[in-house]
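Read from first to last, the chains carry the letters A, B, C, D, E and F; within each, the first residue is number 1.
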Amino acid sequence: MSETRKSRVLCDVDFDRDGRQTGFLRLFHSSHVSAYGFLPIPIVVLRNGEGPTALFVSGNHGDEYEGQLALCGLAQSLDPERIRGRVIILPTANYPAALAGNRVSPVDNLNLNRIFPGDPDGSVTEQIAYFISSELIPRADLVCDLHSGGSSLLYTPCSLTNHVADPDLFRRQIAALRAFGAPLGYVQGRAQGQGGNLTLGGVAERRGIVTLGTELGGAGAVSAEGLAIARRGVRNLLVHLGILPETEREPAEETRIYGLGGQDHFVYAPEGGVFEPLAEPGETVRAGQPAARIHTPETPWAPPAEAVFARDGFVLCKRQPGRTLRGDCLYVLGGAFTPSG
Amino acid sequence: MSETRKSRVLCDVDFDRDGRQTGFLRLFHSSHVSAYGFLPIPIVVLRNGEGPTALFVSGNHGDEYEGQLALCGLAQSLDPERIRGRVIILPTANYPAALAGNRVSPVDNLNLNRIFPGDPDGSVTEQIAYFISSELIPRADLVCDLHSGGSSLLYTPCSLTNHVADPDLFRRQIAALRAFGAPLGYVQGRAQGQGGNLTLGGVAERRGIVTLGTELGGAGAVSAEGLAIARRGVRNLLVHLGILPETEREPAEETRIYGLGGQDHFVYAPEGGVFEPLAEPGETVRAGQPAARIHTPETPWAPPAEAVFARDGFVLCKRQPGRTLRGDCLYVLGGAFTPSG
Amino acid sequence: MSETRKSRVLCDVDFDRDGRQTGFLRLFHSSHVSAYGFLPIPIVVLRNGEGPTALFVSGNHGDEYEGQLALCGLAQSLDPERIRGRVIILPTANYPAALAGNRVSPVDNLNLNRIFPGDPDGSVTEQIAYFISSELIPRADLVCDLHSGGSSLLYTPCSLTNHVADPDLFRRQIAALRAFGAPLGYVQGRAQGQGGNLTLGGVAERRGIVTLGTELGGAGAVSAEGLAIARRGVRNLLVHLGILPETEREPAEETRIYGLGGQDHFVYAPEGGVFEPLAEPGETVRAGQPAARIHTPETPWAPPAEAVFARDGFVLCKRQPGRTLRGDCLYVLGGAFTPSG
Amino acid sequence: MSETRKSRVLCDVDFDRDGRQTGFLRLFHSSHVSAYGFLPIPIVVLRNGEGPTALFVSGNHGDEYEGQLALCGLAQSLDPERIRGRVIILPTANYPAALAGNRVSPVDNLNLNRIFPGDPDGSVTEQIAYFISSELIPRADLVCDLHSGGSSLLYTPCSLTNHVADPDLFRRQIAALRAFGAPLGYVQGRAQGQGGNLTLGGVAERRGIVTLGTELGGAGAVSAEGLAIARRGVRNLLVHLGILPETEREPAEETRIYGLGGQDHFVYAPEGGVFEPLAEPGETVRAGQPAARIHTPETPWAPPAEAVFARDGFVLCKRQPGRTLRGDCLYVLGGAFTPSG
Amino acid sequence: MSETRKSRVLCDVDFDRDGRQTGFLRLFHSSHVSAYGFLPIPIVVLRNGEGPTALFVSGNHGDEYEGQLALCGLAQSLDPERIRGRVIILPTANYPAALAGNRVSPVDNLNLNRIFPGDPDGSVTEQIAYFISSELIPRADLVCDLHSGGSSLLYTPCSLTNHVADPDLFRRQIAALRAFGAPLGYVQGRAQGQGGNLTLGGVAERRGIVTLGTELGGAGAVSAEGLAIARRGVRNLLVHLGILPETEREPAEETRIYGLGGQDHFVYAPEGGVFEPLAEPGETVRAGQPAARIHTPETPWAPPAEAVFARDGFVLCKRQPGRTLRGDCLYVLGGAFTPSG
Amino acid sequence: MSETRKSRVLCDVDFDRDGRQTGFLRLFHSSHVSAYGFLPIPIVVLRNGEGPTALFVSGNHGDEYEGQLALCGLAQSLDPERIRGRVIILPTANYPAALAGNRVSPVDNLNLNRIFPGDPDGSVTEQIAYFISSELIPRADLVCDLHSGGSSLLYTPCSLTNHVADPDLFRRQIAALRAFGAPLGYVQGRAQGQGGNLTLGGVAERRGIVTLGTELGGAGAVSAEGLAIARRGVRNLLVHLGILPETEREPAEETRIYGLGGQDHFVYAPEGGVFEPLAEPGETVRAGQPAARIHTPETPWAPPAEAVFARDGFVLCKRQPGRTLRGDCLYVLGGAFTPSG
């Protein structure tokens, strides 16, 4: 699982050239309707001499939009003469999914954020993962992967990072989280690992790079509030890294940080039916408090099933679609943040 | 377009029997996997002697849930001994769509609310429309068809009715709208007609029956606020009709009523891309005020297209999904309500 | 609903020419991959001078095979010199469905036997129905439409006809039923009408033509027993009509005839799950006897739902697939046959 | 089948205003992802005072491109000050099909050119047909519907018209055909009628309007030769009508005209397999000459089936895709043109 | 291909706790409509102190039902106080396939029984295989995987096991086969190996665990006879293992055992068409005897192709669907059982 | 990535037997509708004593037909008594794709020519690749893989080979290319490598086997010219190898050879829309010359985008479909051939 093989993806931009460059990653994909064509994944690089490198990614899931729009704005507004160092912007990482407004790729049905570090000889999404793992992440001093709740979840906007074993790296992650300036943030415990496959952030952390994420809204829509947080946050991160001068810092409130640990932070649907939420993102709840009713309008005379919260916590997100299957996640709760993990 | 032919749908319940009856409409549908089977559309009838008949319908669009849940509750809680007259409850009118959580039927891809009065010899959805038109609506003194914004729209919860030519009927529609007790309501102008095909409400109004609708939330989810309004509203309508005693009326604020007229009440996407909303349901806006930006993250260096509001108004709903095509509706504005239409 | 317009389907054979002719009905269907092509529906005509005309149809539902194979054999083995009159053979009436082994057409998703008399300007299946209604049925003295249970039902092999109002026609239908020589037969009551749309047999009966059907097996397979009955039956019908000489009659047992009437002849699934049959085709059952259990292996600890027979009867068919939805037909019972209908 | 009902389609342009107007036909289509949206079908109108009206349509089939590109060019290059009268340009008549590059609509799977005059209350394609039939064609003095062979056929570029009963109209159609200036043309005999449903041209001819068509190439591609013919032809038609001055006429060779009559002009695949063409568009062939071999590489040891030409003629088009089903059209032959039909 | 990595699947039950436990395996699957949800695969564990462990699996193929129903019954009826040791019941191993009534998973299109031992980081079906391989099989002293013929095959009910190299293990497998008490059984020869990928049973045998299978009916239906054999067999196996007392043994006839070896035991379709079976499951046939005719009703004048049995044998199963492609398996024959393999 | 494991595919023919043998590769594929069936991939072997072996493959992409037809002809016409050595013919390598007329397999959506050397335990296409890699290629002295442009490209007919590091092998490849006798040929530079996955030819070259390919036409059709070249070429290769005598050599013109190197040989669509080609296969073009316009008929007033050729060259192929996405390949140019690579 090392990234020593060469990605087949061609890249229009030169990461070592000064100025603003825009172009495409050319991911060749031979299909019935295009035997020799490529998928054009847009990339923007801004560089001004030596200095740190920030990598901003969005569209890892194609139906999460606030990050995509914030990075469009950054790509258009950032003046390469005003920065020091380098900013790499990849707004639609899973390009086919982003075009389709889908969580997963319509080409190979894969969830990009579950298959890192990818495979240079694999399917389209595996090749995207591998290019990011082997060509973008190793160039970065900070990786910021902007997510939202997507089509099935609605988050109260927040930033997030993971507990990592290296205390210095963890301290720097928390500092970056605070620099981003979201009103809320959470820290995922070590138990959240994904086995052999990693997330984008997991690849970065494995290399000891400061890594940050967000959950900026969701429900398949664009949240004006989440978008404002994202626009401010990406610029404040550049200030934090010294890529933009201090004068560019936008004021932000203190980030309230929650911890996210084991399965008791999650509420799942006990039956299939229509989900009636009994709490909303941003609320504080208690163990035993009713969380949801699951109704079955196809037998309207049958009483609904009920779910309760298994612990105290802060509602980070809830499920969006009414129609629900047994096992769907209805809520995620943040708990107390204990910096020692 | 008269409803004189006999529906082929069989009905488990007897509309003229006292007490609570539950059962199914049996819509026979011969398919590869079920040659002689029926689609079981649940129906509940409560009756106690002579008196008015209220018909409540939801699931006309399968991804609109607040009405479905309110009618499940009504079917379970209403005591036939406490009513006078009759209540007919059809919680999942487009049953295959409701099971699938889809606006339109997965069986024949039809939008039930665009094909009334239906066809007794037609496809599944046309047969549903015809049964409602020929067997349920003619029995009713009041028809309430509970909608929400569905998967593509988010409404601030409201009730609605249509301008009808008969001033007495219109006066009674407005009275019913107020009795329902939603905080907001709107009245659709006569220009909203749909040509030869009608909505469910259009069939009822053509017969001179008091007809009411709602838009209770949307975004494919269940709105707690919209659900509370619906639960109160359906009971208050029963009080208004005299089916439930006055003592059952739940207090509600005055309904603020808007008018809805021509195309300038609607904002459409001028290009395809990702929709950034610049106003929210419940806001008041001015003509010329920016309404939306449409971004193209696949070319993140390209500036967004913009749309403006064409008139002053109150934002009744906005589009939910980020990914948008040219021509998609982004906003609907309510204007001043003029009782003369 | 008369058949006075001209079918657009071209026909390779001349119905008034003596000898054996084979060819295709050419149903033109303009598609993305074939702008000017036709669907080639095979037809065989054998004629020898004046005399009665028998029309044999199979493949009305594409997944019902015994009739298709019996008619292949008839088309190959019948010597036009040995007959008197005419035999028209249409083995794959719903040709696209027959090629696909589907009940309904994969082209327009229509069930041919629910849309008679069809439409000369309609979709593919409607044009097939119209050609049969306007060009084949009017030429016939006897129409035999060979069905089986298809993919979702398993029949004990039998022949069938309908109660018709004209007593002479009905008497001749019963005589033909007996001539066919299946061990079992049933007569559908008048209550089985289909509204505005007819079956193939309904069109023939409306014209006063003797009409016969079969249910020869099912479960999507070829039944050796049902096939033998069909092969004998179609020849015996030709003898019965005088098209083949008496010497060709194959001995057959007396046909035991059942009646088929209202909804109490049918057992439907009360819930969705896996259907465990408690009776088999060919059994005699009593009212109140357990008919089926519906299990839910996805919650294996939940007890099964049960269904009972609502009346005494003879099990004509049962549902084949294990996975079942609420409303699927599990059994059809034959009752006593009363010739007066 | 009259067009007296009002189309529901809204139209951005005013047909009676001078100057160049561009905009969309707004065909409202309520779907799961866009409840209130419209399909934006582009339309361009150029007008300068009184005078004749030419209606140019392309994209009737979405995979026929030369007409679409020629009309784009016309819409961009035509100076409204230089014309007299009116030019209406509808480049993507079946807009959803044109966007998809499909012959038929991906929305309702209908072939626009088989369902005229359409239905104002029907599905998307039926509404398009009705708008053209009721709003565009009645305004025109000449209708030119630009086709190509599409995905399944390859034509040698030609223009075409139909035999019509009115000799004066027919004379004017032939004059327009010659004015268009394609090197080849053909005239379809009266036998080509389509029953109750019409083509776009059929609606125009029924109203006595001069109507012209083309087949400009095909194979799903853009033919440079066909495109040049189309670009010249549409301008020369405007000169012919007096909308553009004579000085704008581009020189063109004389049009060689063929006749197209009964089924012997068509060669169909006698079997399924891979089609090897033995003649090419533009060739002259003889009755009995081999036309095609149909190979079966899945049994490569089996000899191919063969098809021959049934009459002498000029090869107007051949089938493009190698994989072929029995009944697919392989060739269309032009024969001698006899002006008397 | 060892199973040393940790499965990501969470398990609700504790395999070491006494009593009856029911719950779900939680297989997390992040999809567009459920970002954090799990597939709830039901599991039941009954334990009473030390003793042997029996693992019963069904739903390995989702359209094979007798095992699923027998295990539902076992899960509901077995009294943990009456057993000694442990019984693990997994009724719907390929849960998405079982819900859909499909052989293969609708999620990733994989056939569970062809991909053992699976992959903890793989797709949904690969993760199921891995959990069974790494967590369930290692705990078992006997593994019984209950199959039927599924949608495409109809078996005469039988049990089965494989020749294994270890004579002691093989002797114990035959003993278990006899204890199960099916009237028929067969033993697959060593030549039936599947290369690198294994079946569920192959993983168990590789670990030296006694492994048993069944083929209890098929044709996509529930066989009452096969279900009775399964219900008796699973209890008799528990008696055989000493988990249930001898008093619970239900009487069963002696199992007649066949051997199953090379390709001459199989009959395949020589052409595509409609399969007419000339022998039935349970018959004894001779080499050279006609096995099947393949008809082509789309050209009803063409004589059928024929297939013959290549060897003497006992018909274990036949193909169910009429429509057949070249290469489909029509019959499997059992031959003489030679215990030495 | 060695081919030492045993393929599971069974083979009807014996490669070491003299004479003509025809049969199938039996690739077992267990599906919902055929649990034990195989895909029958036809193979023909002709052998006459010792001598070289030629392997001819077509249908590697299912929509490329000239090779398939040429190999059908070869299989039918070649007299085993007239040859010396062995000829192996695999006309439909990707059998499911060839039956469907698709570039990629409809079974697993894989492009056979991107996944060599395949996997004996993989999906259907991976198993095909592995059989060819492990059983066919190692037996060959020359491998000829016959391609065409497929559905998305149109080639001027040509042969091709690759630069290989071994100068002797390369010299023999060029000699074979010339022996094939196509009017045009090209040599792909070393930069065209495909990473870990290989083409069929790549596997052969890695083993030091002389390897040849073709591009014989395309556009999803059969080119009469390309077919004639293929028919002559495969026989001339047999003469070249000494398998057929010199007297069988058919005269052919000298092959003009081009080189094919880096990305400047390719022109890609800069935008999505409809592709208007400005050059044709067989033309010579200059750097800077306009190559294409991309039109958007959905906004017909918008001017087209343009693409230019980046270098001088000979147009080997162009894109066929009009509808085009950004990144689709529009042209491939041949440049000067420099034998040293």
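Just so it is clear, a contact is a pair of C-beta atoms (placed from the backbone, for glycine too) under 8 Å apart; a residue touches a chain by one contact, two chains touch by 3 or more.
Since the model is a prediction, treat every value here as computed from it, not as a measurement.
Chemist: Give me the set of chains touching subunit B intersected with the set touching subunit C.
Modeler: In this structure, the chains that contact subunit C and also subunit B are D.
Chemist: Name whichever of D-F, B-C or A-B reuses the A-F interface, so over half of the contact pairs are the same residue numbers.
Modeler: From the options D-F, B-C or A-B, the copy of A-F is B-C.
Chemist: Report the inter-centroid distance (CA atoms only) between subunit C and subunit E in whole Å.
Modeler: Here the centre of subunit E sits 37 Å away from the centre of subunit C.
Chemist: Quick one: subunit C and subunit F, Cα centre-to-centre, how many Å?
Modeler: Centre-to-centre distance between subunit C and subunit F: 50 Å.
Chemist: Calculate how many whole Å lie between the centre of subunit A and the centre of subunit E, each centre taken as the average of the chain's C-alpha atoms.
Modeler: Taking the mean C-alpha position of each chain, the two centres sit 42 Å apart.
Chemist: Roughly how far is subunit A from subunit C, centre to centre by C-alpha average, rounded to an integer in Å?
Modeler: Taking the mean C-alpha position of each chain, the two centres sit 58 Å apart.
Chemist: What are the residue numbers in subunit A that touch two or more other chains?
Modeler: Correct list: 40, 63, 321.
Chemist: If each chain is a node and each touching pair an edge, is that a line, ring, star, complete or other?
Modeler: Topology of touching chains reads as other, fitting no named class.
Chemist: According to the definition of touch, which chains form touching pairs?
Modeler: Applying the touch criterion to every chain pair yields A-B, A-E, A-F, B-C, B-D, C-D, C-E, D-F, E-F.
Chemist: Could you list, by residue number, the parts of subunit C that touch subunit E in their complex?
Modeler: Contacts found on subunit C: 22, 40, 42, 44, 58-59, 63, 65, 68-69, 71-72, 75-76, 89, 91-92, 95, 98-101, 154, 219-222, 224, 227, 274-278, 280, 295-301, 303-304, 320-323.
Chemist: Under the stated contact criterion, what part of subunit A meets subunit E in this complex?
Modeler: Listed in rising order, the residues are 63, 102-104, 111, 114, 149-153, 194-197, 263, 266, 268-269, 319, 321, 325-329, 332.
Chemist: Where on subunit F is subunit E touching in the complex?
Modeler: Touch residues, subunit F against subunit E: 5-6, 8, 10, 24, 26, 30-40, 120-121.
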